[in-house]
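Pasting the structures in now, so scroll down.
There are two complexes below, and they share chain A, which is joined by chain B in the first and by chain C in the second.
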Partner chain A sequence: MYSTKFDTLIDEFPEESAAVGRLLELVRDGESRPGIKEYPPNRLYDVLRPSNFRVLVQILSSAVDKGLLRRSFRVLSSTGGGIGDFDSIVDIPLELYDSRMGRNVEVSQDAIELIFFIKQ
Partner chain B sequence: MPDDHNNRNETVLDLLAEATSLDVVSDFLRKKGLRHSAGSWKDMREKRLVPYLDSFQISLDELVNLLSSAEESGDQHIFLFHCRPEDAVAMMDRAQTQGQLRAAGLGHLVDGPDMGRVPSTPTIVEVRWEAADVDLNMVIKVAEVRTKRVLERERTLNGKFIRIYSDKQVRAINVAKLHRAGFLELRIQSHDNTNKYDGDLNRFIRLINTFFPIARFGETSLSTAKDAMWARRDELRELIRYTDASVVDEQGNRIKAATGSDKSNLSDSAAGKSVDYVLREDVNAYCSDSNIWFYKSDKLSSEVHVLLNGASNEFAIPRKCSAADYEYVLNQIRHFNR
Partner chain C sequence: MQFNSLQERQSYLRSFSDPAEYRIAEAAPYFFSAGLPQRQHIVVLLHGMNTDAEWQEAIADAIRNSTNIEPLVVGYGNFHPLKFAVPFFFRQGRINKVLTDLRGIRLRHPDADISVVAHSFGTYIVAKILAAGGEVKFHRVLLCGAIVDTDFDWSAVSGRFSAPVLNDIGRRDIWPSMAKSWSWGYGNSGCIGFQNSLVRDRHFTLAHSGFLNVRHMQRYWLPYLLDGKVVASRYSARRRPMGTIERVFRAFSWKYLALLVGGVWWAAKHWFLR
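This part shows the complex of A and B:
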């Protein structure tokens, strides 16, 4: 099933077949070991080695649409670590309870990062 | 005429204080063999620069050149890209560029830069080449006006808490420099209140896309440099020091080592070794971001702080520095990124 979806992804990005192949390896490897694996786009750029960041964004978007990856917008505490994952950026409230600090904090744009997950 | 001359002096001195740092001006005076110490911009201006200008020990042209290079170096987020060398050489073609400038209504830049201009919208104010036997690189400089928001006071009114800010218009400079080897730097002047530069970068790319079409470039990841510099930090302790280093594993867990004082060094510390432990134990863990400082040396006129974080091809130099110091730091980072 994964192979079929990845074949479609390769058909979509024929010039990036090597990068898509590395994504397949990453997903298979992630599935074979316990725990949810998560990657920010920067790390995926290093691991998948696509031609450029624009095409990486397109590949990841398509992989999310096909259910190969899951995407979240994470709000980070100023002390480090996440304090909330949201499916859409519009779902993020202006203020959020920071469980790492024990108080509410205003959410700034700098505190939001995009994360891709392997394993649902 | 003397009034014009004095006004021009005043304008350049004002811009120098706004666009550069005391260290940079002090280093410029030191290299000319002049007394160069000054505790403040007022002292630098009144006790050093104005008397030197009046006595012709320095010229206004020299200060204009210093301003031009200093406003391009430091207080920036720098994004690195690469393309094929033959594409870079083609993009740097002078006749082609001059034609593109004329077609874009910027033909006056063929004769020289728009010095000190404060345009209402982001505008290309200079295009130049640095050449030896051939053109080594091509620089496009863009000036823009930014609104700097400063908190004035807070008050409570009718049960509402109000913060009052004042807006100040400031000139900002962004620089694109394409090297004939196929290496492109896009330098975006830092904001005071954010670490996200996607919007600024995209706007800048759109503005220069006629000259350097971004579709021909790929982002140059700095992960090799981050890993190499951290792994060799003890060996490099005469060159750099670390005040922060973070490592992230594939489950998103993060270990951050930070010095107590920002004058200390993580080299040889147990905190630093805890980062090494994670990297050793988990082959998928990686250095995500760090704060490093290049020491002052015979090659660097003053200590330079570098943030290695943000986008994969991004680093930042938070304070103004001289053009020579900028080049040195950039070359070091590229060296460790091989």
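This part shows the complex of A and C:
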């Protein structure tokens, strides 16, 4: 199942077959271990070693569309830790309840990070 | 791009109609901190024969306005069909002109990735430049309406481009077959493809110049030029084989028949009708 989806991914990005192969290893490795694995973009860039960031975004987006990865935009509390995960930037409310502070806070751009998950 | 607030950024993202570009714009800021090098990317647009190639400017404008790729129009004049048909004298001059221009581009942009989009006789020139060796290397090579020999040895030149080459084929395109039938040195790769592991043949229902518009460029060429992504054509998967008559007609070498008829006529005139 996975290999079929990855074949499609290689079909889409033939020049990046090595990077897609490393993504396959990463996903298989994540599958074999318990728990959810989270990767920030920089870490994925280091692991996959694609030719540029644009194509990395495309590969990861396509992998998300195929259900191989999950992607979230995480809003961080100013006291540390996440207070909400969202599928898209446009889904993030301008104000959000910060359970760590016990009140609503205005969401700033700097308080958002992008996370990729290997396991649902 | 800098935004003062989340609301401003959301408004910007909502302005995207292309989902792929939206995803890039949404995620790109989080990848910048990886400090990835961004090389300049130049795309050379090379036209076919017997044309003033108005499409080059239209497509160059669209590329320039929607990407950070620098399109450069390269040409070799309005190459007459009679010169096109003659297998010697004229072709090498056109190849040399394009080669000189490409060398100049490389000199001016020593660190840039240089890709090429070539149509019809332009594909023949690109193949000849690749086969000749030398210093010219391409990043991506996109052919449409190709008249390159289907037996072209891509593996011999594979170090001079990033595989795969993308070959857009038009089902209603008769000109590659005509070029092959009526002259020497050409092939009908724009009709039947290369069927080579270094090339991705992509089929459309289009005629010879049906590719040369902004809509096709944005949908099928840009993903390849920007990211090496090959957007599948729906027609590629469900195309039907050519009929026997069409196959025979396309494969027939009219040039030999013409030579035979000419030879018979000449012999009759000089030997039998004295």
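Following the convention adopted for this analysis, the second predicted complex is superposed on the first by the 120 of 120 C-alpha atoms of A that agree within 3 Å, B and C clash if a C-alpha of one lies under 4 Å from a C-alpha of the other, contacts with A are read in each partner's own complex, and residues count from 1 in each chain.
We adopt the following convention: contacts are C-beta pairs under 8 Å (C-beta built on N, C-alpha and C of every residue); 3 or more make two chains touch, one makes a residue touch a chain.
Note that the structure is a prediction, hence the values are computed from the model and not measured.
Student: With both structures fitted on chain A, tell me whether chain B or chain C touches more of chain A's residues.
Tutor: Comparing chain B with chain C, the partner touching more chain A residues is C.
Student: If we overlay the two complexes on their shared chain A, which of chain B and chain C does A:53 touch? Say first, second, both or neither.
Tutor: So A:53 meets both chain B and chain C here.
Student: For A:30, using the defined touch cut-off, is the partner it touches chain B, chain C, both, or neither? Pick first, second, both or neither.
Tutor: After superposition on chain A, A:30 lies in contact with chain B alone.
Student: Is A:109 in contact with chain B, with chain C, with both, or with neither (first, second, both, neither)?
Tutor: Touch partners of A:109: chain B and chain C.
Student: Tell me the contact category for A:42 with respect to chain B and chain C: first, second, both or neither.
Tutor: It touches chain B and chain C both.
Student: Check the residue A:81 against both partner chains and state whether it touches chain B (first), chain C (second), both, or neither.
Tutor: After superposition on chain A, A:81 lies in contact with chain B alone.
Student: Identify the overlap between the chain B-contacting and the chain C-contacting residues of chain A.
Tutor: After superposing on chain A, chain A residues 42, 45-46, 51-53, 109 contact both chain B and chain C.
Student: Flag every residue of chain C that touches chain A in the complex, lowest number first.
Tutor: Those residues of chain C that touch chain A are 3, 5-7, 9-10, 13-14, 20, 23-24, 26-28, 30-34, 36-39, 162-164, 200, 226-230, 232.
Student: For the complex, which residues does chain A have touching chain C?
Tutor: Those in contact with chain C are residues 11-16, 40-42, 45-46, 51-58, 60-61, 88-90, 92, 94, 107-109, 112-114.
Student: How about chain B: which of its residues touch chain A in the complex?
Tutor: Touch residues, chain B against chain A: 194-196, 217-219, 221, 223, 248, 250-252, 254, 256, 286, 288, 311-313.
Student: Could you please specify the touching residues of chain A with respect to chain B in the complex?
Tutor: Within the complex, chain A touches chain B at residues 30, 35-39, 42-43, 45-46, 51-53, 80-82, 109-110, 115.
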